[in-house]
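Got a structure for you, written out below as structure tokens; questions coming shortly.
First chain written, first letter: the chains are A, B, C, D, E and F, and each begins at residue 1.
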């Protein structure tokens, strides 16, 4: 029974990712969408998820639009179908604005 | 009955978010769901007493808070860290709220069927 | 699974409406049931029948209307949000003596009770554009 | 002084529209000239004629219309922003075969050229609701 | 020839104040409006303006609505008329969202 | 002729702000004003090459950037600190922009008749 954390705002301009990282629990997952994908290379995110059982995903369409990649990170790319699957696999979700 | 958790993260008046989340809470209360209402980040400003929005021509968002109890919404929490980061004291608050930390919020969320954050 | 969506963002202003639309289509493609789309706050602008999009952009208002009709989805706009934003059906337009309705007919106007009902009858409720 | 305002925010969603209105009134009270109000992006919703406000809230749409009429202000909504958001005058409604206009008649629809013109002819241009 | 910096968003949730403080120059003024007034007791703001010729104001209506005061700070309260006067006294203005 | 300065602080696609500011810049250019276009904060993402927004059903915001030169908009600046904070390199950029720091931006602002930030 875990939570999917949906982050849609830039970590450089808002507190969305910061609040997400303070609430994420073991077994939870994070998905970066829209401007949330700007966090993809952020060290505070990488450090938070590395070696834990928190998985982190980023919407591929949002990455490609912004010319970003997950190369060299532990973040996995997700398409819309995977996003739906993640919602189903977790008991609940939180959308951070 | 479902357990619905509400994360109030926005200050009052700057946007309609505080009011929009409160309206969701009150609607869920009418349908007698189990409600957990958590004030954190700028949401703690919603709880300050002596708000007076007359000059803004806006409704006082805090006016409805005392009625939460009548609606049976009695699981009201306040993130202590958010309060402290803003230099606020719990004696300045309009309604009682149970102080909590991130650990406790995580466990409230884990117990929830659905979570709404505004 | 039974899934409902809450859409808070206007199309054309923030990306949330587009994300929600893509998510909804993917959920249907995966065989899930969409119990309800609930449009709240600025989200009601997705149901605005008078919006005219530039020819070189995807018309999100039309895309929602098509998706809702094709899959016979239950799409509700919050009445309090809609009135304040000028999204009215024929009844509301008559009641408030406005000269026109502006709600795309594939949407219905109702209250937050429909959102609570969606919470009760769905396995998952996902919020977009917060 | 000659002052123009650019309003980016919808009334009822963010406080920016209300701040702009109060600022505009105060500038007029102080004897300044308002050269133009330019409503851009979500700001065009301030010109939406179909908005219905709750009785216990200040109707910002009506407040703008009154201020503009009382002081004969030049109020322009950006055409690209307005079309996409369903704020149409009679001409635009006819052109795009929509069944109704939704622009409050005290506002005019025009392009960003009117914003540039305001920059050229004003001493100060202040942005609200960004 | 100076600038009026208009900050309308919360310093706790956005980067608006931070960007303002990085761009404010000697002789400039800052006015906190809407959720920007939540910065009124913030030490990074107080330290930045203390002992400089940067003046800082906060809209009184926004303070009162939020039950905040400028007591104990170097921030001055402004009404709408003072806001207009500040706009006129400065060559230009920047609105930070 | 007036000197108009534009602070592009928003990333592309997440909101309409990047496009809205660009449209203001292009309109001002048509009227032959002196334009200073400064990319800072998340605005630096607008300049990245190889953006492909087809999957989003959105227009490529960066497609219009190479045309800025034709419009006579040649005072384009990039805040180096914003670029570094995001781990980006200037060789990833689609159009040339003059690197600058906060001191230089302050002086560009001081020389402006009007400033617009989105």
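Following the convention adopted for this analysis, contacts are C-beta pairs under 8 Å (C-beta built on N, C-alpha and C of every residue); 3 or more make two chains touch, one makes a residue touch a chain.
Since the structure is predicted, the reported quantities are computational estimates derived from the model, not experimental observations.
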Distance-maximising chain from chain E - centres being C-alpha averages: C
Most distant chain from chain A by Cα centroid: D
Centre-to-centre distance between chain D and chain B (centres being mean Cα positions), rounded to whole Å: 34
Distance from chain E to chain D - Cα centre to Cα centre, in angstrom: 25
Approximate Å spacing (C-alpha centroids) for the pair chain B, chain C: 26
Chain C, residues touching no fewer than two other chains: 8, 12-15, 41, 80, 124, 127, 130
Chain B: positions in contact with at least two other chains: 9, 13-17, 41, 56, 58, 113-114, 117-118
Multi-partner residues of chain A (at least 2 other chains): 8, 12-13, 15, 34-35, 61, 92-93, 95-97
All touching chain pairs, where touch follows the definition stated at the start: A-B, A-C, A-E, A-F, B-C, B-D, B-E, C-D, C-F, D-E, D-F, E-F
Partner chain B, residues of chain E touching it in the complex: 8-10, 12-13, 34-35, 38, 41, 60-62, 64-68
Residue ranges of chain F touching chain A (in the complex, touch as defined): 9-15, 41-42, 45, 48-53, 55-56, 58, 85-87, 92
Interface residues, chain C side, partner chain B - complex: 6, 8, 40-41, 80-81, 111-113, 115-117, 119-120, 124-125, 127, 130
Chain A-facing residues of chain E, complex: 12-15
Complex contact set, residues of chain B against chain D: 13-16, 56-59
